[in-house]
Amino acid sequence: MTDVPRTRTITWDDPMTGALAAPTLSGLDYMQAMIAGKVPRPPIAVLLNFHLVEVAYGRSVFVGEPAEYHYNPIGTVHGGLIATLLDSALGCAVHTTLPVGLAYTTLELHVNFVRPLTKDTGAIRCEGAVLHRGSRLATAEAKVFDRAGKLYGHGTTTCMIFPAGG
Amino acid sequence: MTDVPRTRTITWDDPMTGALAAPTLSGLDYMQAMIAGKVPRPPIAVLLNFHLVEVAYGRSVFVGEPAEYHYNPIGTVHGGLIATLLDSALGCAVHTTLPVGLAYTTLELHVNFVRPLTKDTGAIRCEGAVLHRGSRLATAEAKVFDRAGKLYGHGTTTCMIFPAGG
Amino acid sequence: MTDVPRTRTITWDDPMTGALAAPTLSGLDYMQAMIAGKVPRPPIAVLLNFHLVEVAYGRSVFVGEPAEYHYNPIGTVHGGLIATLLDSALGCAVHTTLPVGLAYTTLELHVNFVRPLTKDTGAIRCEGAVLHRGSRLATAEAKVFDRAGKLYGHGTTTCMIFPAGG
Amino acid sequence: MTDVPRTRTITWDDPMTGALAAPTLSGLDYMQAMIAGKVPRPPIAVLLNFHLVEVAYGRSVFVGEPAEYHYNPIGTVHGGLIATLLDSALGCAVHTTLPVGLAYTTLELHVNFVRPLTKDTGAIRCEGAVLHRGSRLATAEAKVFDRAGKLYGHGTTTCMIFPAGG
């Protein structure tokens, strides 16, 4: 057996570059700029190695690839990876519905883990969709699949919407 | 303003070293070995930079420190950090109740985010405690505080308990 | 203004008639017998006045009508009505997937309330669908709509599956 | 075996009597008036037969007694009873923190069912307590016990706080 290098160097951009650009753009424009590489990826996405690949009004899709550096102490990928992907897809789905002048924050996240992820799972895809978009609140659902469409986890969220800077 | 280096190199141990030791120890002994450094920290804890610092029957405590590399695209720490800490403290609290021969898996996680974490928050502490320990199922609750005891998030979980190797 | 009679007499059947029939039938057959009136409605459905109207493999639909007797102390229908409908539709959706010899129990329920129900809402419809059906666990989602298709609440569940009598 | 009468007549008061009094009182005063019988019990409490028995700032306690009329089709008390009690205790705990001029609404409810209730369980007690009380949001936790202190279920909630009439 050959040695597997268990080291990784990550480099990220100042997250305030994006955060300060955000209020000048609609949510959808902000995330399209991120996909186009005009706004830097957020540090958490670099750290856990996942990417926003698709957005539309009320919808977002992330991809990632479970790796050994995501492992928990009981021999599988830590639930935090699925929770983070779901939280990202849920929040971004809500964010796509916001015009310039509105911001959001996530109040709660519920996650169901239905199968363990391992480093052998391969690429995974997390799709988020808004269920309810009110004036002050929004809810959304998201699911994590592998390439064969097998479900690994799913979740829901409640987000509060408020005037940016408010 | 001086330059902040936005790079980090992480090195982790083979997670199977711990995972293979786990079935030979009670949950409490396994986690005490981890605190004592006799079992390697899991990769996820290295990646997100948090530490298990205390365990007792039905209880676990983790500490961490929010940093820029945990940031989301809207200028605060990503909810995934709180979710991962809660999931860890909840699962470990349940794990402390398992004798040799029993294993667990997390079925669901619910997270409430009550205040945003930033890199200025300082050290945080996540405490988990079992609420119900049945023969096949356990539930637990956990909370995230700063040094002043201010609450940032809380959560609950449902875990399934089963014969190790089953 | 005329007087509204604020009294109601309910009469229910022995719930053990149905509960004892359940293990002799697949979940789908049991619920189809209930819709056909061959098995009595459960007391809770009489009490809160809702009906199972449709089942298929992995799916169930209930209807109800919010009334003054469902009210909370702050002038709208109590969230317990939505929670009970969601719990019913979620559990029954899982139950439809069980052959003779398997039973289930609900481990957890998560509910999002997105609009208040009042006695003026009119008939509501709660649709449940299985998301994951494993050998020991199942998850499902459900939504509550009015006749116009407006969403009032949604939820998810985790159920444990086990040998009947086990 | 003697016949058990399976019929029940319930009579309730106009829920708007209480709902219209609510904005003129602090939440704590309103609920103390309800315990003192100066404000009518809400219809849902009559229907499911539970009582508010204790309130303090950030805290509420309800009691009830599981009965055959709460049964589901699988031979135990429907989860909707626990969900309704938890939702009541959680909402009322938040309500006790509101001065005149503020109102609340429940955004989400999470319920863990840890043991089945039956008509032989006897009296149950549901205790709710606020975890976080911010200016616009509050979270709370609640638990259901029998007389011996055995836990049957627990839950959490997120409530939004807003100006009454707003």
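Quick notes on this structure:
Each chain carries a letter (A, B, C and D) given by its place in the written order, and its residues are counted from 1.
What we mean here is this: a contact is a pair of C-beta atoms (placed from the backbone, for glycine too) under 8 Å apart; a residue touches a chain by one contact, two chains touch by 3 or more.
Because the structure is predicted, anything quoted here is derived from the model rather than measured.
With centres defined by CA atoms alone, the chain at the far end from chain C is B. If you compare A-D with A-C, the chain pair joined by more contacting C-beta pairs is A-C. Each chain gets one centre point, the mean of its Cα atoms, and the points for chain C and chain D are 20 Å apart. Per-chain CA centroids place chain A at a distance of 36 Å from chain D. Centroids of chain A and chain C (each the mean of its C-alpha atoms) stand 33 Å apart. For chain D, the set of residues that touch two or more other chains comprises 107-108, 110, 112, 137, 158. If you draw each protein chain as a dot and join the dots that touch, every dot ends up joined to every other dot. On the chain A side of its complex with chain B, the touching residues are 4, 6-16, 18-20, 22, 30, 34, 39, 41-44, 46-48, 68-75, 78-81, 83-84, 87-88, 91, 95, 103, 105-113, 116.
Chain B makes touch with chain C in their complex at residues 107-108, 110, 136-137, 158, 160.
For chain A in complex with chain C, the touching residues are 110, 112, 114-115, 131-132, 134, 137, 139, 141, 143, 151, 154, 156, 158.
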